[in-house]
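Scrolling down, you'll hit the structures one after another.
Paired with chain B in one complex and with chain C in the other, chain A is shared by the two complexes that follow.
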Partner chain A sequence: MSLSSLVPLIGISDVVIGLSLGSRLFLIAVGLSLIFGVLGVLNFAHGGFYMLGAYVTLAVVSNVVDNFWVAAVVGALAVGVVGAAIEFSAIRRLYERADSDLDQLIVTFGFVLVIHETVRFVWGSGSYSIDPPDVFNFSVTFGGSTFNAYRLALIGLAVAVLVGLWLFITRTYFGSLVRGTSSDREMAAMLGVDVPRLYTGVFFLGSVLAGLGGALSAPLQSTSPALGDQVIIDAFIVVVIGGLGSMSGAFVGAMLIGMMQSLGPQFISAGSIAIPFLAMVIVLLIRPEGLFGGIGE
Partner chain B sequence: MVTGNGEAGNKYNRNDDVKAGSESRAPVGRRRFLQAAGAGTAVALAGCSGGGGGDDGPVTLGAAYILSGFASLYGEEAERGIEFAQSEINDNGGIDGREVEVLTRDTEASGDTAIQQIRSLVQEDNVDGLFGLDSSGVAQAVAPQISQLQIPFMITHAATPFVTSPQGEHEDSVGNEYVFRDSNSLAQDIYGAARVAEELDATEWATIGPDYAFGYETWDYFQAYCDGLGVDAEFTAEQFPALATSDYTPFISSILDADPDAVLTPLWGADLTTFVGQAEDAGWFDQIDHTLFSVGMGTDLPSDGSPLPEGEYASTRYDPFVPDTETNNSFREAYYEEYGTLPTYNAEGAYRALHLYKEAIESAGGTDPSALVDEFTGMEHSGPVGEYQFSETNQATVASIWGTVTYDDEWGSNVLDPVDRYDAGPDVLSEALGDSDLPTGI
Partner chain C sequence: MSATDTGGRVSRFGSAVAEGWTRERFGLIGALVLVLVAFAPPFQVYLFTDFLVVALFALGFNLLYGYTGLLSFGHGLFYAGGAYGIAIVLRDLGPVIADVVGAGISPLVTFLVGGVVGLVLVVAVAVPVGWLSVRLEEIYFALITLAFGMLGYSLIIQDPAGLTNGTDGVIVLLGTVDLGGVSLRVGGRRIYYAISAVTVVAATYGVWRVVNSPFGTVCKAIRESPDRAVALGIDVGHHRWMTFIVSAAVVGVAGVLRAGLASVASPGLTHWSTSAIAVIATVIGGATYFYGPIVGAFIFLYIRWAISRFPALEAYWELFFGALLIAVVLFFKQGAVGGLMLIRDRLVGDDADEPSDDDARTTDGDGS
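Moving on, here comes the complex of A and B:
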């Protein structure tokens, strides 16, 4: 099959689907990247946070208040609190250790299991789904293909989060503390920055973003305890491709991977799941610091 | 609306049967050792002749199903069938006067876990016989182990034809004298799909199935049958997403772009529920003329009220209304009264396994494994599913059942109406497979 005969197969809906998959990945990857960029912690439990955000949102919508947006905010904040508690109680104790990286990996991986089993205990191991919020719950037909309007909303929300985060980091006092601390922690501490509190704050923010990602993605996917394991791998790929610690890198990386996930099945019938891995290998070989490389950017 | 098929929380630890503690060890003299060895040998010999639990204690059977994860509802349905058969048997004099007990374990849809659980059932719990299995991949891994353990295994759902295809017939064949199946196989089921395809005004066909043996085998058999039956079909697109995919949209989009007339899908469990919801959102059922769900009447979809779209085609391994026999009707009514849902095929398959063991043990006069294997071999039996016989390869000669999905208000569930039963015996399948080298598995 020649390339020209393949190109027409790619429709507008494939692009919209790819960008919406990318938006979901961005929301989880940007928090992962932020936490790594500032704290230097590779948080394996981030996928668990994403999953937890989806579950809390589902639980709030079905039991407490029948409003998706309220539930999503509650879900995101609840995950933020869980994240902050984990940082405060466990991860904080590891920063000064000699083998800190390895210990952090093991501890955060431990929390992957704890979150996974807790979710299984509370909600069971089946899967749940939820309708998109009414205002966006309609089909858009474009160029002969159909997709749910909520996908467009998710893309818009991801862009809004990118802009909001950028303004927050570059234009606010807290943001300048974050930037300063990520480039030189000891200097920031000497200048009077309460680094431990700042770290907890950043971990909270990163966790909120993961929870928000899970919450906002819930209408587009089935939610099961396996969700976190699937998404964390993709998020790591995004962060490696985009450049660890870079927000714009996370955005571009996420959109690239989203498009690969969307278009991959057009070209191969099985194993398209491997395409992002291949892309990661290529980026690592050619530009090991990532497309937007540089921690702290 | 939130829909879910989650199971209740604390259901994971099924291994709650009590295990004997290890005894404290004292120095052992030669004489005592010989005495103990002699006694042990005597017990072992008694075990060989009389079965694990002796002739007065209960008959203990071991079952292995998926009780957690994306297909946990299959295990729950099987547990209902087990419970139902167990009380029916025990309330009516048991098996030759002995109670029947069933120890059910979770395979977690993993071959390795299933093998561990089955070994533990045989070696620690000394079960008299085994049954169950929900996944083709798991069955493929388990079958060779069963031949080593030398104990009968009655598969009640897992469908791969290769477990009832004698080892050596095909490179994937793992069938052996100890493994039987009371439900229909993929080879029988997909024969029916090809018969449906024969009648449909559709030439371009596609598939979307899980990325493991079951997904690929379904598509291979379908193409072979269409070829063998002379169905005017082209096979234009195929997608095999990983098991437990949470978002099928890219795969759905790819199939829709190829624009086939009809699609055969063997997606199952919660994956099927996820797929159907996302396919509806993408306009699938407006664009694709016919969708054939080969595991459509499994468990979750018919019973939770948010089922397969009406008018599409689905198959089942057992239909609660057909055959219209006294046995089937009374089973359906009694089951509905007990559980408030129609019996699914997984419930019926498990239910029948207990009755098969009852008949075999009573006829053999005990639970000696090789005697049970002899009893099952070629056995004629009837149950809610109808009358059938075990073939030379230990596969039940049950029909292939396909029909149109129709919601039935009376039962609050999807049913197949109209429904067709296709005879799927060895000769029929062999002829329909034509020149293909795929085994009939029967």
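Moving on, here comes the complex of A and C:
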């Protein structure tokens, strides 16, 4: 089969959908990768944080202020506070243990259950949806296909988050502390960095990113208590492929998986949902540090 | 004064009980419980069978986690492997086997053949999956097993080979054995309980033998210090691989039993949330103890059942186990069995103070 016969199969809308799926995945995965890169904690509850961000945003929009952007910020900050509280009360106790990695994974898995049930208790088992904010709530026709403008906006927002985070990590004082602590924790502590406080701060930031991801993705998905369990697995795939701890890796990994989810079913009819897992296995075996950059990039 | 006397008597009684906790008596009590359960009301028989199956699942999982330190989030793959193995044999080979051995005994023979096929299937999957997975450690091992499990889940759901019947799963019909006028429904609660109990006890004994063999000792050495094990000339990778395969096989047996109990082999068995049940049961019970996963499975199923008695709480039982899991890992890593050991040690410890009665009293006074 020649290339020219393959190309027409890929419509513009497939690409846009793939990129917007990728943007959503990036917003889920980037905080997970940040937390792992600095703290060495693989936060199983990150999908729960994402889901919580979506729920809080929906609740604020329908009960408090009818402004999506304000609600999204409130949702993100609320999740940040929850995350910081969990780090401060539970995860902090495990850093010094011999097998801390697995204990952290199990404890954060415990929080998966707690968050899932709490969300179900507060908001019920049904699913909610929300219209995109008015500014972007119109259809775009481009190259013969039509899609909601919010899909494009989400791609822009994901890029903005990536650039903002990169500037924050590389150009600010706090960012330099984060980088320093991530590459050598003991040396940073000796140089006077308050490591425990920094860890809580980074966990807060990572949780805010998860909450923001859930909030911004809310118009493009139905929000139900099962959401957290679904997205955490996608987030694991993305950070493994991009490289645990790498933020640019998370972006590339997310876009790859997004495109795979959008285009995969057109090329392989059976077993298409298995491909991302197969990719994850292969990357773990061949390049456990991920395809892009090493830890701490 | 009188209160202190009672306290002394209680502690003396306690130490007498603790002294009697020998393995033989434990075994005898266990056997008695297993027999008595057979006469319990039908639902209790079902619940106990469920407990036995989950216990074997967790026991198999913990062979890897507790004895080599590798945390798998993908053992649902082997649980499902056993379940689908027997379900597909029952569906596709049942009539063939009936032709060969006669219709009377065929359900039992088919069940045995299916069990063996399930086990062989699980081992056939575990050999390559384990070989690849044990190259990684800690978080990376957890992630690759999770990925293998979800890979299996995807394939079962999408069913490219036309074997697994997609999201509906494969119905398991165990049939009725008919021998000279005596008919026994293999899937009947009490019959199936008997099959499960015998299988689980035999498998547990097998695992116990493995753990206490030279092989098991080497595994424990690897768990304590992989580097030192290497320095002693132990092939760590090979031992981890072998443990992975044995662990998967035990989980596969549990999967075979699960299929018959649930009357269906469903794709949910491969999902990571099923693998997590083994993690929850093992951690709550105490991963460093042989019986930890069994006690954990007991707590898991019976507390879940107890919670389900209260309609207001029924839907939120996961909340309880999430909180319990967090509390155990943070504050009491030894789990429930560790707690029982502590209580026993305290009772036996009081026994040591027995000759000096005054000391015992002081301790009692301090304690209250």
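Basically, the second predicted complex is superposed on the first by the 284 of 297 C-alpha atoms of A that agree within 3 Å, B and C clash if a C-alpha of one lies under 4 Å from a C-alpha of the other, contacts with A are read in each partner's own complex, and residues count from 1 in each chain.
Basically, a residue touches a chain if its C-beta (ideal position, glycine included) is under 8 Å from a C-beta of that chain, and two chains touch if they have at least 3 such contacts.
All figures in this text were calculated on a predicted structure; none of them were measured in a lab.
Touch criterion not met for A:188: it reaches neither chain B nor chain C. Residue contacts after overlaying the shared chain place A:236 against chain C, while chain B stays out of touching range. When the shared chain is aligned, chain B and chain C each come close enough to touch A:273. Of the two partner chains, chain C is the only one touched by A:284; chain B is not. Applying the stated contact rule after C-alpha superposition, one finds that A:120 touches each of chain B and chain C.
With both structures placed on the common chain, the touch criterion links A:264 to chain B but leaves chain C unconnected.
By the touch criterion defined above, A:129 reaches chain B but does not reach chain C.
In the overlay built on the shared chain, the residue A:52 is in contact with neither chain B nor chain C. According to the touch criterion, the shared surface of chain A, contacted by chain B in one complex and chain C in the other, consists of residues 120-121, 270-273. Chain C makes touch with chain A in their complex at residues 69, 71, 132, 135-136, 138-140, 142-144, 146-148, 150-151, 154-155, 157-160, 272-273, 276, 279, 283, 315-316, 318-319, 321-326, 329-330, 333. Touching chain B in their complex are the following residues of chain A: 9-11, 13-14, 17-18, 21, 58, 61-62, 120-131, 139, 141, 145-148, 220-224, 226-227, 230, 261-266, 269-273.
Taken together, the chain A residues at the contact with chain C in this complex read 42, 90, 93-94, 99, 101-103, 105-107, 109-114, 116-118, 120-121, 229, 233, 236-237, 240, 244, 270-274, 277-278, 280-281, 284-285, 288. By the touch criterion given at the top, residues 1-12, 68-70, 72-73, 211, 237-242, 244, 246-247, 249-251, 253-254, 256-258, 270, 273-274, 277-278, 281-283, 286 of chain B touch chain A in their complex.
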